[in-house]
Amino acid sequence: MRDLVDIGMGRTARRAYGLDEVEIVPSRRTRSSKDVSTAWQIDAYRFDIPLITHPTDAIVSPATAVAIGQQGGLGVINAEGLWARHADVDKVLDRLLAAEDDDVSLSELVGVLQELHAAPIQVDLLSEAVRHVRDSGVTVAARVSPQHAAELTPALLAAGVELLIVQGTIISAEHVSRESTGEPLNLKSFIAELDVPVIAGGVHDYRTAMHLMRTGAAGVIVGYGNSAGVTTTDSALGIGTPMATAIVDAAAARRDYLDETGGRYVHVIADGDVYTSGDIAKSIACGADAVMLGAPLAAAAESPGKGLYWTASAAHPSLPRSGVLAVADRDGVDLQTLLFGPTSDPDGMVNLFGALRRAMAKAGYSDLKEFQKVGLTVRS
Amino acid sequence: MRDLVDIGMGRTARRAYGLDEVEIVPSRRTRSSKDVSTAWQIDAYRFDIPLITHPTDAIVSPATAVAIGQQGGLGVINAEGLWARHADVDKVLDRLLAAEDDDVSLSELVGVLQELHAAPIQVDLLSEAVRHVRDSGVTVAARVSPQHAAELTPALLAAGVELLIVQGTIISAEHVSRESTGEPLNLKSFIAELDVPVIAGGVHDYRTAMHLMRTGAAGVIVGYGNSAGVTTTDSALGIGTPMATAIVDAAAARRDYLDETGGRYVHVIADGDVYTSGDIAKSIACGADAVMLGAPLAAAAESPGKGLYWTASAAHPSLPRSGVLAVADRDGVDLQTLLFGPTSDPDGMVNLFGALRRAMAKAGYSDLKEFQKVGLTVRS
Amino acid sequence: MRDLVDIGMGRTARRAYGLDEVEIVPSRRTRSSKDVSTAWQIDAYRFDIPLITHPTDAIVSPATAVAIGQQGGLGVINAEGLWARHADVDKVLDRLLAAEDDDVSLSELVGVLQELHAAPIQVDLLSEAVRHVRDSGVTVAARVSPQHAAELTPALLAAGVELLIVQGTIISAEHVSRESTGEPLNLKSFIAELDVPVIAGGVHDYRTAMHLMRTGAAGVIVGYGNSAGVTTTDSALGIGTPMATAIVDAAAARRDYLDETGGRYVHVIADGDVYTSGDIAKSIACGADAVMLGAPLAAAAESPGKGLYWTASAAHPSLPRSGVLAVADRDGVDLQTLLFGPTSDPDGMVNLFGALRRAMAKAGYSDLKEFQKVGLTVRS
Amino acid sequence: MRDLVDIGMGRTARRAYGLDEVEIVPSRRTRSSKDVSTAWQIDAYRFDIPLITHPTDAIVSPATAVAIGQQGGLGVINAEGLWARHADVDKVLDRLLAAEDDDVSLSELVGVLQELHAAPIQVDLLSEAVRHVRDSGVTVAARVSPQHAAELTPALLAAGVELLIVQGTIISAEHVSRESTGEPLNLKSFIAELDVPVIAGGVHDYRTAMHLMRTGAAGVIVGYGNSAGVTTTDSALGIGTPMATAIVDAAAARRDYLDETGGRYVHVIADGDVYTSGDIAKSIACGADAVMLGAPLAAAAESPGKGLYWTASAAHPSLPRSGVLAVADRDGVDLQTLLFGPTSDPDGMVNLFGALRRAMAKAGYSDLKEFQKVGLTVRS
């Protein structure tokens, strides 16, 4: 079926699919889970599992960034979040948890976050957070927005950041500036001047993915951390991102850019609509090299949000595009069990990467790169 | 994909899409919200935001028409509504609110509206309402039905109406009259004799839109104010209007009529299925020049319905096609915040036009006319 | 889009549409409701509205058959229902209503119906029921199953039946008989020997419709009275009937048979998925000449079921395919209002044929036959 | 419509359909239920109804295997289930029922099953269970997983198993072994050495079905016993199986393999998404020779689970992919009524094979093999 649809006279739209519309079809010989590798490497950094955390304070504190690194993934500190603005974040988060206990409205919870983010970023707090991760020996990563990338990056590098994530809801290689004051970020020159690899996003289509790859980024993030019931970019801006199609398109850009450059491989990192281990498998199956995991990690006992989940855009001062939602029990399960089991929970919420390994084994693939070619069906 | 579907042997139907099935794809360089204009001009009248109110008493009193005008939009008085029939509308609306407090059935609430509309239209009351708006200095607009256009228009013009809205659920350029008594409205001659611009509708397809453009209308309304849970034209008459397709088709008529006339540009105004700021952005993205906003404005503290919403067709004496529904809190948010924020509500219900501006910025467009070309995806 | 779908390798299925997937598009000049005729004539019998009742005791007693006739429709007595088996049906139905009051399970309510239908058919009771209708002067119709048609028809004709409905869930022109005892009904010879016109069904596709037309039937019923939450033929037998496609296909058979015979017009009567006045309009728009109305009539104060609804297949002794469901208030609205309004109910449940007339007017058609050509959109 | 869909640039997915999306279209002459045969024969074993039980302890004890055999179907003992691990299974199941009474969480119920399955398999218990069935004179079948097939089969054969079911969630003809210890099952040589026919599965596509047919299996199972609300393979692994397409594809493999071998007919057994008698009919209509029935049998009074249902994968020690769900009343209906009626339940849950017979009769087919060609419609 052609992927262009006439939605009316003289206007076409792209037919796009979500992860919930696709399913993996095992059609090769099965193999043992023990013979499967979920290892992932970007630039000089190698990870046991293809996991980057979505940079929200709900799931990543300096301590959890360390814990995730120790489990084989990559925790990302939000350089513009609470740890950069408040000295005692635990006490600050207690305000949010207390508000939730009082059963206040969604709007009030978001209001608390807005207020907490009105405090200024303090470079020393931020540096301390980064150093905490660095001192543990795991790979150190932090996220900045395109708006504050230039301003915050020097301190981050000084504190030991090894991988820089430049991430907004929607990013473009070169922001258009006409009358606005201030110099917008030129990603290409920004990246060229850095010594550390940059992962940038989110992008939502082939063209923007390709532009971003040409900036020199080591990885491109697809999606904006879309999470049903939490993020509201679709309601607020009319911008949604059916992730199966978005990942496939970014993977096409990766392939074309690889050809164009004669061998530069830019990683595609899927950031959206992942709720279960099955969704992780589907993201890789659609062509992602790794997944940026958000809400599922809120179930970890170690997560600062204690079961509450929100994304960074909840804190926008005038137009928040994320709510605050209880997506898991407040006590949670320990991170290692959440990632690798064992579990008696059959819903794909625990043993997230053990399940990925098993899905690959049942489909007959032994590494992530091969698994990107597994057969798919689509419903609806 | 072709847009004609064989629904059975020898019968085709047009495949049509709702706004909820399309989404905007940002695929250009982003820009700053500050560099974006949401200005809209029809005939000699310029507006800061592409907003016309759906002409229902639930959201427009003479006072709110003024307030909306002051915020940069166009408030439309329903010349056949309560302000034209009752001297003390506040007291009259209290009956409706009291009935709702008593938790009466939907059918009883509609019955109250039917009864309130059984009172005759009093030209002096109507003139007073219009003059109230005119005296404020904002653009003055009123809506008449095709049935009463000829009868009411002289008084409206005398009272100072600058833009006339001729609007029914479904309108046609020339009503067929055979045996019925009374002379039906011939829109073309009606418009030709007027000195003020006319916006007419609703239409639901290319052909009717084109016919209406040829009557000399300055703008054509697409849809009938369809509002889920409120309007019931589909259940009652089998007539529904998937708005994405309807807007695209009317925009095609606009383009063809522009060519046919060598330059007359007739505005397309979308009136239906807008619940959030994202839907406003999608309406423009499908080709609308402006949106007629209904239910979302019921959340304004200034709205006469105090959170209740209904459309004019609720008052039909024998076959109402709108219910009365509480769509917002009774206290509401002030109009300026509703339109421009700031807000801590992430659901796209507040900061409606600030969000439009941001959607345009993220997609890289600087004015509404350009934004009509933004890329779209379609699901389902 | 082609209407055949590959559901797997080497197997196609017909893509079929329900009434809820289609909508009427007004694309002509509007006209006044007063200039519209909803008249329908089959054989020598003329009706003001295209209404036949589904032959279930829930909505048709001899008294309601008279009332429906007086309102311009055709009431059909079920010759194998309660009035043919019990002398005092009101008392018998009280058992059902009392059981429902006791909040018994669905299965128990069906059990009561099964038990009530275990009583034998008494020809004198049946004749009395038919004579009651005949004596009122309205057109007299009764329904027999294919199994009992030969046995019951003589008494029905003797009692004054003018239109005979031969109706089962699925009917075929010639039942295959191999080893079973008893002679199955040969519809063609059966009809040839009768002096009254026969309406037969239900059919679900073009081929069976065509076969049935060739038996000499005056009308063919499409569907099996499918009613969501009530009939369960789909769950029980895997047989469902998307009505938009089924009606279109039967209308194609009508056209082809008209050509084949050089002018014999066999009426297509839609019997399924009609819940609102909008669905009546859509049924005609898809090509039906009349609708067989079931559940919506349960809202009539005159209906024997007092708001409960079931179809005849609820009484099957070993495999019932209809539940018993409360689809309307027990007190109901009077039949005339239900059919012609006025109403303050906006949901398309009251003023059923006033709404049909208005839908036709808004779409610009003046009679039912023309309205079968109105434009349609399809969603999904 | 082509069955390949572009889900993004350069990536196609197979468009696949579930049983709930297809419906049977009767388009031939009807016939009497009495003239219909539902008989099914595989290898030397003949059954009155095309029923194999899904091998879960929730529905099959040695006693129910006998009862099902006596009713004309094939009960399958799970050789790795509770009867192979515990001497007094009734008492063991009481723990599960008691836990459910205490309203414990899903996860706790699964935990109980995991714990019960941690007990070792005892060959003497297993042999005793098999002998119990053999002594009754009905056909004796047991299921082993591919992992334990080699180990358990000798004892099963010695105890009298006549049909061996080798079944895992996903099976392949030859498991890939690289570094893992232990010799994986080579189905082809395993089957070649056996004297009893083997039914193997599940498979999910044409290719795996074809490979499995080439191993010498007498029957191939399609699906993994997918049961909404119970099995979670889709959430956990991203692997779902739209059954209509999966059955059609396996039937295509059966046809091609028949041609390739010049006459070896391998049976296709559908194991998934069957909830009602209508689903049984649809499974056969899509091309299945028999259905493997799970959840619907939980309603039998004789079922060990007393209305609770789970599949064998609930007991996986680290990644369970089935919950434990109450799908029926604890008292249930007797097996004979469940299979053959009569019933007053109209929902297709009782009289499962009486309904199949009736569906075949109404569609005009007299045996299962013919019924595989009945016409289908597809919705969505």
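Here the chain labels run A, B, C and D in written order, and each chain numbers its own residues starting at 1.
Simple rule for what comes next: a contact is a pair of C-beta atoms (placed from the backbone, for glycine too) under 8 Å apart; a residue touches a chain by one contact, two chains touch by 3 or more.
These figures come from a predicted structure and were not determined experimentally.
If you lay the C-alpha trace of subunit A over that of subunit D, the rotation comes to 90 degrees, to the nearest 5. Comparing the residue numbers each copy contributes, subunit B and subunit C share less than half of them at their mutual interface.
Among the other chains, the CA centroid farthest from that of subunit A is the one of C. Taking each chain's centre as the mean of its C-alpha atoms, subunit B lies 40 Å from subunit C.
Per-chain CA centroids place subunit A at a distance of 56 Å from subunit C. Multi-chain contact residues, meaning those touching two or more other chains, occur in subunit A at positions 1-2, 15-17, 245, 380. With chains as nodes and touching pairs as edges, the resulting graph is a single ring in which every chain has exactly two contacts.
You'll find the chains touch as A-B, A-D, B-C, C-D.
Within the complex formed with subunit B, the residues of subunit C that make contact are 1-3, 15-17, 22-32, 34-35, 206, 244-249, 251-252, 255, 276-282, 285-287, 341-349, 351, 354-355, 358-359, 362-364, 366, 375-380. Across the complex, subunit B meets subunit C through its residues 1-2, 4-11, 13-18, 106-108, 110-111, 114, 169-180, 184, 204-205, 207-208, 232, 234-242, 245, 314, 317-323, 380.
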